């Protein structure tokens, strides 16, 4: 089954903080997308073909053609959610329902595409003290491919706090729950099915801390990409067809 | 807990077919909302206070004030989904996330508010032969309040066929599954939590057949209204608050 | 709907620690069941009729007759899980599937009845340092009746740590997640439907700390009892019937 | 990840009807396990290594050693559920929670292992008229690997009727719903996570009809085996560990 070609991943990054804020540039001199791509290549090897797309590109690098050749899209945005074109959002949305996987990262919880797919405010509790605070990420579903090879727990030494109540639909499968030094908790690894597509939200990853350089975090993202991409690669999805039907469809 | 006041329900009806199509006018001379309201009153008695709102009213009868005094909204629409004002949709959406219940009926699956809350296309397979066909509605969760007092199964003699794949997020709780004479199946009773609100989709109820005059169907709707309204009545929802948080929130 | 009679609750307590261990006797001189019953009466008033049953009684106070007149059973056990008679467990199990609600508390996660209903090991991570540690209980589903009137968060100053991975089936609805001073998290409020019955597991409540004297904790238990008992009170459950069926069942 | 070795599958068959009943022997001269194994080999090719185990073998062919080398177990039983040794059931149960996948077929709904994993009665509505009746299997989750390459719908011309209410825990993911000529519906494709293991129940497959010779049905089983086996193959499951924990686990 579809053993053949590699999974085609588009790593989308707003790429604003990295060029504007010295503190972020220091951590991610080549953009946050760089260690994400690096992690995908290390974990998935020849099984993945990754490209980068950013906000400043024409159509944000997400033209019809680009999306048609994308099995999984990863999304990081924060400072410029409003600058993402509504038509591109509509296009990504349709493509997800049509079978493309999507992995939304950290502050992407407030992106247009995430809010549209979720149907809720996607608001949460947060706190960003200088220096951040320790996040501890616990697996609550060890049978899930996204948890494969992930230590129990992952410790992120410095992180912005994201806490409950996180206004999302209850996830189809809950994989990770995080705690923070302040005592908060957060559903930080959430799987969804939407139409013929699969979606994963992962909470960790503030721009002020080197989270995406952490091997375990890279592995979570790679696992999520592989999980979300399964459908896009192998399924011609006759089962997703709808519309007017004859009485004797089965003859 | 909130035993005091009755549940305030707004029964919203597009009210287009009933005034335009003789075949529908014959079945629902006072509008489809009439038997729905009647059923609520019979099943919930003094526990409910119901009002009607329709498309042709100013703001479709769904002003800020009207919604603020609504615990549960029921929604039937079909011919005029596009005529529903986007601002009103936005208002209803926000109110649901804030705790108002919503019960979406039949062709309301293609309404703006349903698609917005679901985040999917909400497309389905369908067939409307003259005379319709038998729908059989089976309870798959007998522990749920919406199934209380409902026969196993409900038989609707004449109905439009709605079938899978129905492009909705997998329901939080699945209560009913229908079969049709043609052999199709449909997830026809689906519960969701969105924000602080509860939502129920119920598939039965085409305008060409007297489905809403059927006692069992009225009971399903009354049960759904009671279930969705629970939160709106009793919960001041401190747990739903979000935003910036101090480290020592708990002191 | 069943407004009439009060909800009949049996508060079951192993009642071993309270009579054997001075440290526990000091906190719960009348048994842990006493503040639980007190909380039910304060929160549910005339809506509840509560009785106590304990391990040392004949049939553990859970005869056929007693269960037939119980709408919801609450369960606390720890030191003597093995002394609970298998026949009584079988009886409780059948009664739950038949519509009785059950609320399992804290160390009840290792009781025979909980393991039987869950089908898993129900093992968890734990730590009981002298003096315990702070537990913080967060609501992740503010639309749920069990969260009604519950502060965000509840703080339990001293508690035994229960952490993930907690080997339970993914809950039908997840209501609470706790964090502990050590950084662990725990799915501490879990709803299930089993057969025609409803079930809630609540993690808080070690015998060495006065957790059940805490008003907020009592309210959670009262809310859970009300939620689990709904079905037992109102549903005659024709929809739960099974067995051999005729082709023309619907005529 | 674990691309290396093939998935090790044990196809378990009660193998009673095939040797006792001429009508069954005619359809399955080499046992029902034969076409199941054949389908696995055709669909998964070199990715699978399948062996057969049956009731009459010592320890039913499910010794500690055999299970230790099994990634996924498929289970068909009907006439002799009671003859399955409790110790073997206990062993299979522990192995599933430890990460082995299990696919339970048709009348296996009443097997000891299924009831133990589910925690419910697993009763259902049924009818077995001579000649059976048409079953139509609809996909309700086209994003799921188990639905890959499956036509919408699958038609099984002759089948025993299995209908709701089916007393199982609500599935983690619902993949297929069937309808029958009599108008009944059945949740016929159900995914579960239990402990570190994955489980799939598939309703189709009575011994009196050549269901397991049908290519589409074989593909469903192969897809299910691949889905359930994922975890067993790749996950060393550090995240599933439990027990007493130190305060500074993370140092």
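The first chain written gets the first letter, and so on, giving A, B, C and D; residue counts start at 1 in each chain.
Convention: a residue touches a chain if its C-beta (ideal position, glycine included) is under 8 Å from a C-beta of that chain, and two chains touch if they have at least 3 such contacts.
These numbers were taken from a predicted model, which means no experiment stands behind them.
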item: Far-end chain from chain D, centres as C-alpha averages; value: B
item: Intercentroid distance (Cα basis), chain B paired with chain A, Å; value: 32
item: Inter-chain centre distance, chain A versus chain C - centres from mean C-alpha coordinates, in Å; value: 37
item: Where chain A touches two or more other chains, by residue; value: 136, 138-139, 141-142, 152-153, 163, 165-166, 170, 172-173, 183-184, 193-195, 239-241, 250
item: Chain-level touch network, classified as line, ring, star, complete or other; value: complete
item: Parts of chain D lying in touch with chain A, wherever the complex brings them together; value: 1, 99, 136, 138-139, 141-145, 147-153, 155, 172-173, 193-198, 226, 230-231, 234-241, 250
item: In the complex, chain C residues that touch chain A; value: 134, 136, 138-142, 152-153, 163-166, 170, 173-174, 177-181, 183-185, 187
item: Contact set on chain D toward chain C in their complex; value: 97, 116-121, 123-127, 129, 133, 161, 163, 165, 167, 169-170, 172, 181-184, 192-195, 239-250
